[in-house]
Each structure stands twice: as structure tokens, then as C-alpha cells.
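Each chain carries a letter (A, B, C, D, E and F) given by its place in the written order, and its residues are counted from 1.
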Amino acid sequence: MSGTGFDYECSSLSPEGRIFQVEYAEKAVETSSTILGVRCKNGIVLGTEKIVLSKMMVAGTDKRVFSITTTTGSVVNGLTPDGKSLVYRGREEAVQYEKMFGIKIPIQVLAERLAMRTQMNTIYNGIRPYGTSIILAGNDHIKGLGLYMIEPSGQCFEYYGCASGRGKQLARNEIEKVNFREMSVDEAIPLIAKILLKAQEEMKDKKQELEISIISDTTGYKHKILDRVFVDQLTLKAQEEIENEQMEMA
Amino acid sequence: MDLENYTNVNIFKKVYEKREVSSIHNVVEQPHHLLKDNTQHAKGGFNPYVNNQGTTVAIAGKDFVLVAADTRISQGFNILSRDYSRTTKLTDQCVITSGGMVADIETLHKLLIAKVKTYQRQFKKTPTVESLAQLLGNTLYGRRFMPYYAFNLLCGIDQNGQGSVYGYDAIGSWDKLTYGVQGSGSELGAPILDNQFVGHNYLVKTLPDDVSVVEDTGKDIINSIAERDIYTGDQVEIVIVDKNGIRVKREPIRRD
Amino acid sequence: MELDYLKTLPLGGFNFDNCIRNRAMAESGILQAPKTMKTGTTICGVLFKDGVVLAADTRATGGSIVGDKNCEKIHNLAPNIFCCGAGTAADCDHVTEMIKRQLELHRLNTHSENRVQMAALKLVAHAFKYGGQIGTHLIVGGVDVKGPQLIECSNDGNMYSMPYHTTGSGSLAAMAIMETRYKENMTREEAVNLCIAAIEAGIYHDLGSGSNVDVCVITRNKYEMLRNIKHDNFKVFSKPGGYQFKKDRVQVVEEFKHKLVVEAGEQPMDLS
Amino acid sequence: MKIEYAKEAVKQGSTSLGLKSDRNVVLVSLKKSPHDLASHQEKIFDIDDHMGIAIAGLTADARYLCKFMRSECLNYWYTHDSHHPTERLVNKIAKKAQVKTSHPGKRPFGVGLLVGSVDETGTHLFETCPSGNYYEYIAMAIGARSQSAKTYLEKNYELFASLGWEELAKHGLRALKASAQETELTEHNVSVGFVGADQKFRLLTAEELRSYLAEINDSMEIA
Amino acid sequence: MISGQPRTHTQVPVNIGTSVMGLRYKDGIMLAADTAVAYGSMKKTKHAQRMAAISSDTAIACSGEMSDFQELLKIFREKHDGDVIENDGALFLKPTDYFNYLSRVQYQRRMKGDPLWNGSIIGGVRQDSGDVFLGMVDLYGTKVEGNFLLTGLAAHYCQVLMQNSWRADLTEAEARAIIEDCMKVMFYRDKKASDEIQITTITKDQGVKIHDPYRIQGEWNFQFFHDKTNEFWRPIRIYNN
Amino acid sequence: MSIADLQNEIIPEVNTHSVQTDGTTIIAVKYDGGILLGADGRSANNMYVGNKVSDKLEPIHQRIYCQRSGTSSHTSTIARYVRYYMEIQANELGNLPPVESAAQVMREIIYSNKNSLSASMICSGWDPYKGYQIYQVNSSGYFEQGNWALSGSGGTFIWGYIDANYRENMTRAECKEFIKSCIALACYRDSSSGGCIRLLDITQDRVERDYVQYDDFKIK
């Protein structure tokens, strides 16, 4: 991967036409915790799994899920501070849009604006790209539900289900296997917890912690982060299911 | 002689049309939020200043300071609140009371509290009354061209343990006094204070030492002002500052 | 024959010459006309089954200073007609005095009782003539052959009648009481209590009114003037020992005594 | 790399640690003095009546952050007449730190903070690091040789929950002793600050320090 | 727009909402306002809602310039949303915070000479500690707290009624009766008031509840009004043959 | 509006031509299946009629129209701004812009410059998200939504008529007659409205203009 001297600025492309800084950023995202977003019949579920760095941490402190407006949520991975600066940028865009156009910012417009922002960090010399990928989920009366993911390179697409981080491949297969489109949000949550834990295969020894949030018609499309107690039970239940699945396979 | 000019009225038709009827009905007709005595009512403009009236008296004693203030704030002829405290504590040894416009007073007091807190955090000691007096003077002058509509009395125990009162005008000219009165009843209260307490006009400079006598005088002054000044009334709030802290108590006075 | 000296006589009635001068000076900005002070008051009147109740507060203010703590605002126009006056105190007193004299003359000429409406109309005509410059807001009440009546005459010269009236700076507070508690055909006690409550509303809630409540009840050929029926506003606290004026407070620089020699008349009082 | 070097600067700073129970948060830190003539470097600052911080790393950066936090708290009090919520203030610091890492011309803060405070949602102990990350702990130690202090805290952190602030302070001093084996703890080079649900943020006076240190030294069981 | 003309700020209120009232009763706060917005002397809007819930435990009622009231709502919505999306365990903005924030906003606008021309009453009952707050801010930023508050003309008229009949343990029905009395007086005497009023109750368990508007009954059928017409007063006799 | 105009404005006697205002009666009514907009044709200053048959119906986007009343220079500039912002929003959304945001942009412009503008406008139209909507922003920035809207100096004369005769969900023909008689009555009484009636019918799939000349106002 070393680009022999081409890899320190974004302003220079290597002979093979690659910007190494961006690829380093994508690498940082690859090794970080898994995040995924799934669109269901009546809402969207966002989730992430984290390793608890030290026993003495208060539960739920390393927040990865943020809400941009009361009806749009987001989850970030990789360098959390970079992710948060994108979230703050998103909040400013939302307030400015609402002040001028009087309606809540459509998720599609928000996603495009944040994507442009991310891309802007990949062209100037000296400014490093965002070392984070962000999944945006929201609902508005313009286009209904929308689930977008923005990569460090500035790419931004709309998904039915998307994932990023170390368990990306495994999560994608699981999502394709289960037909979430027909499922309701409440049915989808346990499955997603299982997928997230499976994605953490190789980190089994450390204490794992999930963080899940939903936007669904039951909560009036308000972005709600599920409270700690509920999520902890979920993780325990999911772990047992994985164990007995392993027993059957072995 | 024709009756026409006998009555002398119609000659001044111009005067008749132009003048503004100053009857009460005219006041009620105006948009309600501009309800103040219509003499200085600018035509349709927004006047940023309003005087919420009220009176406050401060008397310095040998080792204490007494503040007596009424607790009524009003706007025009209508009472806004009957139990509004006009004094705030800046440090354990220093209190500020003011009459004038409540919005400016509260902002000024908050600003002073913030500056005192920063001073305490930075130098690890509480500021003395003299330094606060200087600070207040500068703060007021800071807003020379849009002044705080607040007439302040800064009272506290100075370094050698004596009570002291600092009197201010709205834009920051101040000096050290032994007693002071501010607000709507100041013209009524000033003569009693001059007579009863030792001030500049006395050759013998001895500060009163008996708290109860000074307290009774303070209460009596506010009561007598309430008799004659329509903007003073409801309750009198007595604040006594001495070396072991600040005591506050309230007593009712005439409510009309 | 031409009585030219008549022209030199001062014309009767009000003299408005200095109005032009005042206006010219005010416009030129040299001198601002003295601020016309708004006097505060609360007066009210109410009709009941067989009569009228008039009530008033007793505070006369000049701007923000209380001039008189116990003045009388209910004026007697005729045995069966009373009127309470708000606005400029001098105007009310003199105008009511003038109307009282005219009513008395009318009573003597026609050997019959005065009518409330006539008193009201005289007041209104007078006020209109002077274009509202006379600050008299009056509530005229009385009982005459047409029954109990209550009429309000404002300073610009209109009059109207309602079962209950309030005027003065405290009229707003008093009107709230009237509007909510007035009932038709009230008894004497109810009407008096209602009026007292209305005036107390003005006393406590309006800065322009205060001190005590005067009430006057007028029924067919009888009136009762209840002066200071309620008087619970007094100085709450006064310094126990009163004020001493110690001589030693001032440093004596020099003392000079001189015996006063009196040639005639009694000896001066001994002051030593 | 910029961030790793900044974290290294935090490790150079003398140890600071913090621990919290349901009602109190205690901050303890070892004060270094460049040489015996100079006074000891102040390590614990009071931000507001309900919040205090202990620092590790470049004290100049720390002073800048402390001034920023104090004015933020005052502004919040000026507009809302209530205490600044802790997490949001720590968020603001994290945002400032993050900006320093993404722009070319700027260097990250070379200081880590332990923010101890009390608000409606209970007691909080946050640790911020130059990368802009912040985490909430029950107990935490930062600075030089903080690892040994951490091991002590990890052993005992379960029983902190219900303790009063005196006990917490003792645990803190024992942890500090574990990490500062050779230097002898006196009331000059140790400072302890604490805040409680009903107790404004306050530093321990010299006598209190002396009494606690005495207690620690004689009942010194093996860390 | 007009070049060369300094951008003057002093605005004059145009769409005026009449006074609003607020009072504390046994289990919380009751705010009341009528539903008319007057454009000069014309009652332009008959069903305007002049009260709004800022958050689940705080409500605001506003009199004065209604376009400024809409601006105020935008400011508060932005403030509340900012508090919600923080997701840090609790909503830190309590009724007192919103109250002080509003007085700071009004004070700053007054300093610029471009005020939000409103007299607003903020009431709130904190769901956790249950303590009740009622405060009023006028266009200068003056803060007044109390058990019952009135803005605009009602301050002159109905302060008496509130003072005489307020007790700490008022039931909701009694509180409603007091408010209806005051609204009746306002409907009689205030040119811009209407007889359709709206009441908001804020209680510990239900939080902010804005009831639908309803009309109040005035006293119009006194005998005096019927027969004491001008024929009775004027010196003229009309004979019907 | 140059300074000269402004000075003229202040000294009435000397003022030959004051600022061009649309005295105007403008009305918008929602009927069953669409919205009908009506406006008179007179744009005058305080002395004489500047434009006899001016068109006060401003197109903003495919299915959004706004009606102008107040100083015509101000209102046309505001309409230009709103058209510009709506185009941006339409591009970003890739679909028709919501009527609500057109109205909110107008409100934002009028409210923040309320001391130097005199414009009170009605913005109505159709969008795929909320269907037919009518919004009204008056000259001080007060924002209202409703099933019908009325503005302009002529409007004050016909409040009574509308209160009496307005019914929800009228048919298209009934609504047309209703608007015609409203504006005719207004022009009958208001000296700064008149000339002609311009009508506009907005439905989901088409927008249709109509012109009624003075002599068939059918008012006695």
C-alpha cells in the first residue's frame, strides 16, 4: 500500500490514480467497530457494536449514535471525534435549512450536503480526510424513509441495508439473507443484535456493548436511542442464541 | 358687543384641535403596552427605558450597614409585583441595591456577580468593597451612551470593619457616603436622613452604633415615604450586613 | 351711544391669551409647557332597588406625590342629587359648586325637586363649552320623580347612563369588580358592599388612589353620607422613640447670649 | 501521529486520578515542582460551584481550557440561571480538540482532563484526551505511572458506589501512593478536590490533607 | 431596501393579541388567552392559538405582536430540539431555564432597539421534582414571578379579581371560574378581546395540555339595558296611535 | 425607490408621483379539487392609476403562485427572490418544491425587513406532499394558513360578504362566481382596486388563466 512518497498529501494522485490518504482513512474505518443500518417496513434501525475499553467505564459512555434533528439519526465509526464534527455540521445544516425553507431538512438533501463536506476534505493539501463513515437515517414528508451511508471518500448512496467497519462483509450477507423489508422494526431489532455480535467474532474475549436506535412510526418517527437496560438484555439473549447455533454447527 | 367673542373660545380653534386630551380615557385607548403617563410618550416609537420606581435607603453604621427598601415595582399606574427584592448579595460583606428599571438592574447585578466570581476564582480571595465600588463605577461608565437605567447604592463592610455606602448615578459617578437614598421616594427620604444621620454636613463624624435604632429609623423612613409617594408600598425589606454575614427580613407596610 | 370703555373691561370667563404664547414658545423649544399632571382617583356609583349608592376614595395626588390623604370627593348638588368628581380637583370643586347654586335657584323658582338629568346636562354643557379643557369626570347620582338614576359625565362633554359606573385612574380595577358582581335589584347592603369592594379594588391596585372609602347612599327623599366608612390604610410602623435632635451632634464653635430687653408688653417666655 | 505525540505529553504530566460514588466525586493529583525553590504546580482547578477538573500534561494548555470552561459556565448561568450540564461542556472541549487535529496549522492540546461534577442526572467523572475522545468513568487515573494507580482502582471500584467523600479521598490517596512509590506524599505535593450533591467544589485544606495522609501511611496495606 | 436610509428598527406592533393570564392552582399551572388577533381595529383572525408548548413540561402564552410571537416559537423550538438531540440522559432545560433565556433574548433585542413586542407568560411543572414555576417577561426583559400574572390591559383590569379570589389550594374548576370571570371583563371592556378563549393546563402527571377553545357567556340581559332607552331620557314624548 | 422618491413621500403637497403601490384586492380560495386565485388589475399611487390592468399573480414554480399586494417594487422583488430559492430547492429535491417552504421563505424575507418593506402576499399552490395549500404573510410578517385568504386595501370591504357566503368544498364554477363577485364588490367600493379581474385556477395537472373585463362585472 505504501505509495513511495505520494501518500502524505491529498493533493497528489499516485501514478495508478489513487489518493493514498483517502485509502488510509478507509483502512482506519475497516478496522473500527461495525455499524449497520437496516430499513424495515415501518422504520429504520441503526446499530453499532463497541469494545468496552476499561472495566471502570460507565455503561453507554462511548456514544456512537447521535441524532441530527429530532427525526433524523446517525451512527458513526472509525475516529469518533471526526464523526462528531460531521454530526455537528449536519445539525447546523438542518437548522439553517429549516430557518430558510420552513420545513424539516429532507434526509436526501442532508446526506448530499454532508457527502460534499466529506469530499471537500479529500482535495486540499494539508487537510486530512474524515477517518469515519457515517450512516444517516431519517423520515420526512418529502420522500418518506431514507437510509444513506457516506464513506470517507465522500461517496454517498441510498440503501435498504448497509454496514461498515470490521464486520462489513459478514453483516451484508446476513442482511441480504433476512428479508427485512417486510419485517417491522420491533421484529428486526433482535436479529440485528445477533448480526452485530456475530460480526464481533474475533473480539470475543473483551466485554462487548451494543448501541441501537430506531426511527419508526410507533415513536412518531422521532429518532429514539434504545435505553441501556433493554439493549443489555438484548445482547445477553443474542449471545446465548449464537452459542447454541455454534453447538448445532459443531 | 357681539356674544361671539364674549366666550373667547372659537378664536382659538387651532389651539382646540391640536392639543391632546390628557384625560384617562385617552390613556386607555393607546396600545396597552405603551401605557405610561402620556407626557413623554414618543409618537409610535419604542422607548427602551421605563422606570419601575420603588425606593431604597442605605445607612452605614459603625460595624454594620442597613438597607431598607420597598418591594413594589410598578409600570405607569399599575403594580407589576408586590414582593420584588431590590437587593442582591455580591460577597459576604457587600450588597448592592438599586432603583430604576428592573431589567437593567437585574442585568447589572448578574454582571457584577459574574465578575466577582471570576475575581474569586482567579485570586482565591473575595474582593473588598472599595474594589467593587470602583468596578461598579467602571461598569456603569462602560455603557455611557446607552446607560443602565439603575441608580445604585453599594453597601458593605470595608477593610477596617466600618460600614460604608457608595452612592452612584446612572452613568457611574460615585463617591463614598455614610447614607444614601435612591428611587422614586428619594426627594422625600433625603431630608430625614440628613437630619438624623451623620453625613458630610456634620463636623463630628461618628457613625451610629446601635443596629436596632438604625433599623427602626430605616423602617420609619420607608413607611413615611410610603405615606406620600404612590410608587412605594406593600412591604419593606430590611437587609443588615455585618462582619458575620447578611440577614434579611420583611415587614408589611401600607398596600394602597 | 358707544360705550367704548366696555372694550377695555376684562372679558368675563376664562382668558386664553397666553395659550398662543405658550404654543409659540413650546414650538420654539425655549420652554416646555409644564407637564399636565394626571390626577388619580377611583369613584363609582351603582343603582339598587330603591336608590343609588356613590362611593369614592380619599386620596388627592399631584403627579406621584400624595397631596391630601383624606379629601372629600363626593359633592352634594341637591338634597336628592350627589356627584363624585375625578380629574383635576379644583375643576370638580368649583364646577359642582356652581351647578349646586344653579340647582338651588331652580328649586326656589319652581318649588319642586331637582331632576338628576338636569344637573348632569348642565355639567355636560359646561364641560363641552370649554372643549374638554376642564378636567371634570363626574358620576352624578340621585333619586327624583323618575326614580333612581346614575349618569356619567366625562370631561369632553358626553354623558351616558348605566346601572353601574366607574371613572378615574382606578376605574379599570373597579370596573372588573362591578362587571362580575353586579346583580339587578340589589338590596341596600349588597349595593354598599359592592361599591366598597370596587373602591378598595382601586385603592389597592391603582397607584393613583388610596387611603379610605367614602360612601353616600341616596334613596327617595333621604340621603346618608358615610364618611370614611373603611379606613384601614394607616402608617404601619413609626420609630418608637420618635426623633430626637441632639444638640451635641454639632460641634459648638462659639456661644453668644444676650438678654432681650422689652420696653412695653409682657415678658418673653423664659427659655432657659 | 500528531495525536499519539499529544497523548505522550499527557503521560509525561504527573499523575492525577478521580473516583466517584453516587453522591460525591473526588479528584486527587500529585503536584510536581521543577526544583525545591519553586512552588508546586497547581493541578486541580475549580470551574464552577458544581464542577472541578484535575489535569495531566502541559499546564499552559490546561490553563487555557480552564479559562474557557469557567467562562462557558458563567455564560450558561447568565442566560439560564442554572448549572451548565456536564456532558455538554465536555462535548464543547472535545469539539475544540477535534478541530485542532483536523486542521494543518494547529497542534492538539497536550493535556488530558479529569472533569468531576454533579448535576440533575447525578455525579459524573469524564476523562478527555487530546484526540477529542471523552469517556465517563467510575474511577480513572491519567499521567505518569497511572497504570499502577489504575490497577488499584480496578480492584476496588465496585465498593465506591455508596461511600462518603472521606472514604473516597482515602482510596484516592492509596491509589496515588501506589503510583508514586518513591516520592513521599506530603500536604505540599498532593492536592485533593471534591464536590458533592449538597457540597460545593472545594479543595482539602492542609490540615485535612495531613490527617488523611497520616491515616494512609500507618494503615498502608500492600497495594 | 431604501438606500441611504439607516436601517431603522423601531417597529410598531400591528397584529396585536390582547392580554394573556396565568395562575397557579392546586395541581399545577393554568394559562389562558383569547383567540383573536386584531389588525388595527379589525379582528383579523378569530381562531389564532396564542399559546404553545415549548417542551413537555413548559408552555408559553403571548400577548402583543403576533408575528414576533411566531419568531419566539421558532427560537424556542430550535432551543428545545437542541436539548432533545443531545441524548445525554436528561432534558436539562427546565421551565426556569426557558424563562431566563427568554428574558435574555428580550433584553438583547431591547438593547438593539428592535424589540420582540410581546408580553409573555411562561409556566411549567417539572415532571421530576414537581415544583411549579410561573413567570412573565415583557418587551424590555423585565422578569416578574408570582402566583398569578396578567399582561397588557388585563393587568389593569383583572388584577383585583385574581388578588381577591386566589388561594394556594384552588381546584381546577375554581381556577377556571376565575379565569372565565377575568375573560368576561376583558371581553366587555377590551376592544381587541373576543369571547372565544383557550385554556392550557400544565400538571405534574399530564404535562402540558392545550384544551380546545370555547366561548364564554356574557351578562347582557339586565332589565336596565332593555327599557332605559333614550325615550326615557330625552325631553320628548313619542305617542303611538 | 431612490431618495428623491422618499423625500417626495414626506412632503405630500409637492409629491407628483409617490411610490407605486398595488392598492389591490387579492383573494385565494380552495375549492373541491383545486385552488382559485383572483386579483384586480389596478396598480396605482395615491394620485393616479399607474397600470390599468396590472397582473398581480406571480408564478413561483410549476404549481406554486403568489399574489402581490403592497408596494409593487417590494413585492415583485420578493417574488423574484422566492422564485430563485424555490428553483434551488426543486433541484436539490429533484421534485416539485413544497408550497409551505415557498411561504416560509417569503415570511422570512418580509419579517426580517419588516421596517423597510410594505408587502403582504398570499402564496398558494399544489405539491405532491401535502396537496393544495394556501398561505398568507401580512406586511408585518404574521404567517397564516387557511382554506381561503384575502389581502389588500380592497379586501377590507368584503370581509362581511366572504364571512357570509364562503362554504367549504365549493365546486369550481361556484368558486369562480364567488371570487368574481367578491372582487367586483371590492372594486365597486375601493378606489385603489378595479380595472379588471384576473383569475387563475391551479389543479394538480394544469394551471389555467382567465380574464374578466370591467363591463361584465354584473354589479348594479
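Please note the rule applied: contacts are C-beta pairs under 8 Å (C-beta built on N, C-alpha and C of every residue); 3 or more make two chains touch, one makes a residue touch a chain.
On a predicted model such as this, the values are computed, not experimentally measured, just so you know.
Q: Moving only from a chain to one it touches, give the least number of moves from subunit A to subunit D.
A: So the least number of steps between the two chains is 1.
Q: Chains shared as neighbours by subunit B and subunit C?
A: E
Q: Which two chains have the most C-beta pairs in contact?
A: By contact count, the leading interface is B-C.
Q: Counting only C-alpha atoms to place each centre, which chain is farthest from subunit D?
A: C
Q: Once you find the CA centre of subunit B and the CA centre of subunit E, what distance in Å lies between them?
A: From the centre of subunit B to the centre of subunit E is 30 Å.
Q: Centre to centre, by mean C-alpha position, how many angstrom separate subunit D and subunit F?
A: 64
Q: Once you find the CA centre of subunit D and the CA centre of subunit E, what distance in Å lies between them?
A: Spacing between the chain centres: roughly 48 Å.
Q: Could you put a whole-Å number on the gap between the CA centroids of subunit B and subunit D?
A: Once rounded, the distance between the two centres reads 46 Å.
Q: If I count partner chains per residue in subunit E, which residues reach a count of at least 2?
A: 9-11, 13, 153, 156, 159
Q: Considering subunit D alone, which of its residues make contact with at least two other chains?
A: 78, 91
Q: Among all residues of subunit C, which ones touch two or more of the remaining chains?
A: Only 172, 204-206 qualify.
Q: On the basis of the stated criterion, which chains touch which? Give every pair.
A: By the stated definition, chains touch in these pairs: A-D, A-E, A-F, B-C, B-D, B-E, C-E, D-E, E-F.
Q: Any idea which subunit E residues touch subunit B in the complex?
A: Subunit E residues touching subunit B: 9-13, 16, 18-19, 64, 103, 106-107, 110-111, 113, 115, 117, 119, 138-146, 152-153, 155-156, 159.
Q: Considering only the defined contacts, which subunit D positions touch subunit A in the complex?
A: Where subunit D meets subunit A, its residues are 91, 94-95, 97-99, 101-104, 131-133, 135-140, 150, 153-154, 157.
Q: Provide the residue numbers of subunit B that touch subunit E in the complex, in ascending order.
A: So the residues of subunit B touching subunit E come out as 28, 31-33, 35, 44-46, 48, 50, 52, 73, 75, 77-81, 84, 101-103, 106-107, 146.
Q: Over in the complex, which subunit F residues touch subunit A? Could you list them?
A: 85, 89, 92-95, 98, 100-101, 103-105, 107-108, 129-130
Q: In the complex of these two chains, what residues of subunit C are touching subunit B?
A: For subunit C paired with subunit B, touching residues are 6-7, 11-16, 19-20, 23, 35-36, 38, 40, 59, 61, 64-66, 69, 86-87, 129-133, 135, 137, 154-156, 167-169, 171-172, 203-211, 233-241, 243, 245, 248-251.
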